[in-house]
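Please go over the structures that come below.
Each of the next two complexes has chain A plus one other chain: chain B in the first, chain C in the second.
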Partner chain A sequence: MAADIAGTRRAPWILLSPSLATVGLLLIIPMLFIVVYSFWLRTATGADQVGFYLDNWIEVLGDRFYRDILFQTFAIAFYTTVICALVGYIPAYFVANTPMKSKAFLLLMLMLPFWISYIIRTMSWINILGTSGALNTVMLSLGIINEPIQMLYNQTTVVLGLVHYLLPFMILNVYVSLDGIDKNLTEAAQSLGCTGFQAFREVTLPLSLPGLAAGSLLCFVLAAGTYITPIVLGGPRDAMFANLVFEAIVTQLNWPLGSALSLVLLALLGALVVIYTRYLGIDQIAKSFK
Partner chain B sequence: MDDTKRYERLLNRYRDGDISRRTFLTALGAAGVVAGVTGGPMGMLARKAHAATPEQVRFDGWGGVVSEAFEKYAFAPYTQKTGIKVVSGTFGGADEYIARVKAGQPGEFNLAHLSGVFDYARYHGLELTSELNEANIPNLQNVIPSLIEPLRKITGGTISAVPYDYGTTGIAYNRKYISDDEAKAKGAKLMVDEAYKGKIGGWGEWKTRIWYGALQSDQDPNNIKDIDAVWDMIRSHRDLALKYWSSGAELMSLLAEEEIYVTEGWSGRIKALQDQGHDIGYLDPAGGLGWQECLFVLRGSPMAACEELLNFMLEPEVAIAVAEGQSYPPALDPQKVELGKVIPTLPAFDPKGTLASLSFFDPAYWNENEADWSKTFSRVQRGY
Partner chain C sequence: MSGWSMIRIATILVYLFLFAPVAVVILLAFNANQFGGFPIEGFSLRWFEALWNNDAIVRAFKTSLLLGFLTSAVSTTLGTLAALAMVRYDFPGKRTISTLLVAPILIPEVVLAVALLLFLQALSMPKSFGLLLMGHVVFTLPFVVLVVQARLVSIRRDVEEAAMSLGATPIQTFFEITLPLMMPAVMAGMLFSFTISFDDITGTLFWKPGGVETVPTQIFAMLRNSISPEINALGAVMVIFTVALPLVAASIARVMAMRKLRASNRKTQIA
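Right after this comes the complex of A and B.
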């Protein structure tokens, strides 16, 4: 009897063990390495000095430079998220209200950009917005402008590149939320005297907010962690926090400092996810991947 | 006849002028295909002979036209001769590569086409240098001595790399907007000229930015007395610049598309642009930056195989073909080796082989300041 109970208790752990081992080996242990690294020091030759030093943490937490870049990163991520939410809601609404046959095609179109490398997609803006790019060429040939306009390599193009990258994530999340709304509710609202817009504002929009929030969380976290877009589309000053991590680890060969920087970013974005989960639940994000 | 003798006979015919370079390389390629396809008893013998040698060595380089030249003119014939495959990889920058090596295991990375003496010193500092047996590299005698000596100085008389080519980081400008006279008159200060605000570029690498900042503030880059003046110049350049480029391809694209009119540029890449028909001027200003590239053998590599590859790559025919492919003069001494007609036309070429007119990074000075300056540059770049 006791053996049966023990076996029953062990069963879930045995079933979970492949997943736990995978998470442990690929996530927890590497993360612990990074934590340990953050307490080491870089020597003058670029080699690491093993030990327990708080220097990197004191520098990262005490230096205004890192705080400013972090603020700039979150600002860029915020603008990106807001634009994605505003621009993404409309196609999501359209897809959700399209007859079933076309819906599959539209969803496929939505997934299409993922088949092309993110870097290539980012670099495509150079051919569109460059001084000899498509937009300038068209405007010059139509006589709208006399000389090419400088549109590239600033914070606006960084945000544009990020919106281009992240928009499908937002649309998918909002679509899942809208698709789950019972159509009878809006019809009921209209039968009770609501106009179409009022029914949207009072019924559809509130019920789709969890999807909007899930999409916003995804967009914000992914935008805040990017470093390719500022390199390709940004000017000399346009950097995000991940660029500092890259520079510390690759350019300065200062892995301990890079580890501390990456943990700060991880902690802040992790906190955001925790807050979201506490109030809205992480299930909503999982739905869009089903 | 074994592969080596066949190769030597082919090489002799090429040297005697009996066959063209194209035919020489085609014959080598065809021989490689035949050897690979036929196999049989000869193949078994060859495999037996190769059992004592590694099956492959890894080579990492800059990619683009440079790697293509290596692949075409050096690796394929080397593999044909020795049976050792060269697995080639690329990196975007020396910093990226050193980070990869640091994360790897000894022996995982073997040879690399690295920049300058500065990086050689960094690798030595990280205890990644090896010791080449120079007796196995007889072609080393043909290399310009002033390129080898700085390497010896760092590694206490021995070397872990052979110099392979050299070039300069000079000022490249679009002649449609900037005349040769103006470029010559302004020199390095052309890149902090407000008249070209928004049309200026620059390499986003801290060493180059500081070097040019020193020139713009009238200082010796290898003996900077007022570093604050250098940072001020870097800030001025930053505020006028449209873009810091990070690769040769990006440099060429920015100039060719006229996104920028002036920037520093690598001599070989600018030559490639000129060859494509772009009217780009190139100037090495007073105190302009010269550099050498070397073929570096990392600690833990199969030394005999690497030394053989190095000797092969220093073979004049191979080194000249690669140099013409990548538009950088080879490290071969023009006083000892006939370099043909194309090499003397390449930018930065020194017919005397002394390289006395070029300035190089002083590795001791720059390594001493590396940690501080690279970190400060990261801040200055972002508006500090």
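Right after this comes the complex of A and C.
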């Protein structure tokens, strides 16, 4: 019996050890390593000088260039999140309140974008907005314009691409919380004299806020870490923070500087996640996987 | 117009917004126009033929497939074991472990990519296919854990307990009872990790050795020149591939479940 108890006590750790080893070796230790690395110095010869230098951090935190791009990145992520929340709430509400039969179909359709490659969804906008794209072709043939206009490669198209990519995350998260609301509550509110809209505002909306918050967090974090969208749909001035990181690491091969840059991004987004988990818990995000 | 029908119209518009651009990619892939854009000049399979004859693309496809299969095999094995531990046992520090397991989702992919790349370079391991595989495993593991965990919860323990009380050893019980019941969850995890790996681009761009391309990085490289009809065709193939795969898998799973149900009904009737 005693051996049995010891067995069950050890069992979960045996099952967990391969995963924990993987996360530990390939994620936690590398993360700690880049913290240390960010204080080293890349010399002109290309060798790393081991030590404790603040040069990278002074450059990253002091240089206006980095700060501007950081603000731009957060602005783009913010616009994306707000638009996703506004545009995503309505279909989430519809799917949650629609009869069972079409619900399954609509949910399946919401999962589909996750199976379609991000790069393809991003580049698909070139076919819509590009100079030989659908919109220009239609407007030319209707005589609204005389020659194709360039609608691509600016901040708006970057936000558009990100909204297109992240909207399903938002809809699903809001849907999960709307679907969990007891229908009796809104009916009770209405029978007590609320109008349909009042019942929504006083009962449904507050109860759906956890899902809205989880969706917003996901949208913001994913948008702020984007590398591909600004390259494909943005112009030369629309670089985001992840592009700087790539430049530093892969192009300039300044690894200590790249470490410091990526830690800045991690710290800022990590702060958001920590604040969020403090108030709402991580479980809300896990819910949308069910 | 009532509020509900306005909500319905808005929903249709949002769905259109999500799917129209992708539909256009597929439409243009079959377009005979030699510049790859509008107008539509007729149906043609020439761009698919061009893909087939493009060595770089075929190679990228093979790399992506191999990487996806290996990633999903490793990641699903590790993730399923971890999910079992999380669902079946209570132990001290469970919440911390749970956060640790989903941590790779919460860390921006760029940061994750940089950390792993620089760490392995510091150990003087050059960029390689192995690095790509390791990266994809870390990156897909939390998704597998979450997906498998969500489905495992619904498996009742009674059957296992019955098997044990009838004299099966824990190992026998696992292979005869638990594993077959878990199969749908495991399949879901495999599919999930395969598609995530197959579609991944950000991490892959950091980790891939020079000269090695996966399908997404190949598309990305081709986009730098200009959008060509070949890209649309490749996009169409990707969409058909990643969308058809889960749908086919889901229907196979359904057919198998139906058969099993029928078989067990027959057994009960005989009994």
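Definition applied: the second predicted complex is superposed on the first by the 268 of 290 C-alpha atoms of A that agree within 3 Å, B and C clash if a C-alpha of one lies under 4 Å from a C-alpha of the other, contacts with A are read in each partner's own complex, and residues count from 1 in each chain.
Here is the rule we go by: a contact is a pair of C-beta atoms (placed from the backbone, for glycine too) under 8 Å apart; a residue touches a chain by one contact, two chains touch by 3 or more.
Everything numeric in this text was worked out from a predicted model, so none of it was measured.
Annotation: superposed three-chain arrangement on chain A; chain B versus chain C shows a clash. By the touch criterion defined above, A:A188 reaches neither chain B nor chain C.
By the touch criterion defined above, A:Y153 lies against chain B but remains apart from chain C after alignment on the C-alpha atoms of chain A. In the superposition on chain A, A:I69 makes contact with chain B only, while chain C stays out of contact range. Legend: residue contacts after superposition of the two complexes on their common chain; A:P236 is shown touching chain B, with no touch to chain C. When the shared chain is aligned, chain B and chain C each come close enough to touch A:G130. Shared-chain residue A:L269: touches chain C; no touch with chain B. Here chain B and chain C are compared by how many residues of chain A each touches, and C touches more.
In the superposition on chain A, A:T251 makes contact with chain B only, while chain C stays out of contact range. In the superposition on chain A, A:A47 makes contact with chain B only, not with chain C. The superposed model built on chain A shows that, among 132-140, 222-230, 240-248 or 258-266, the segment of chain C colliding with chain B is 222-230. Residues 126, 130, 132, 231, 249-250, 255 of chain A touch chain B in one complex and chain C in the other. Taken together, the chain B residues at the contact with chain A in this complex read 93, 95-96, 98-99, 102, 122, 125-127, 198, 202, 204, 206, 238, 241-244, 246, 253, 257-259, 368, 371, 374-375, 378-379, 381-384. Touching chain B in their complex are the following residues of chain A: 42, 44-47, 65, 69, 126, 130-132, 150, 152-153, 231, 235-237, 239, 244, 247, 249-255. Considering their complex, residues 3, 7-8, 10-11, 14-15, 17-22, 24-25, 28, 35-39, 77-79, 81-82, 84-86, 88-89, 91, 97-112, 114-122, 134-135, 137-138, 141, 143, 145-147, 149-150, 195, 198-199, 201-202, 205-206, 215-216, 219-220, 223, 227, 231-232, 235, 238-239, 242-243, 245-246 of chain C touch chain A. If you check the complex, the residues on chain A that touch chain C are 8-9, 11-13, 15-16, 18-20, 22-23, 26-31, 33-34, 37, 87-88, 90-91, 93-95, 106, 109, 112-121, 123-128, 130, 132-134, 136-137, 164, 167-168, 171, 196-197, 221-222, 224-225, 227-228, 231-232, 242, 245-246, 249-250, 255, 258-259, 262-263, 265-266, 269-270, 273, 277, 282, 285-286, 289-290.
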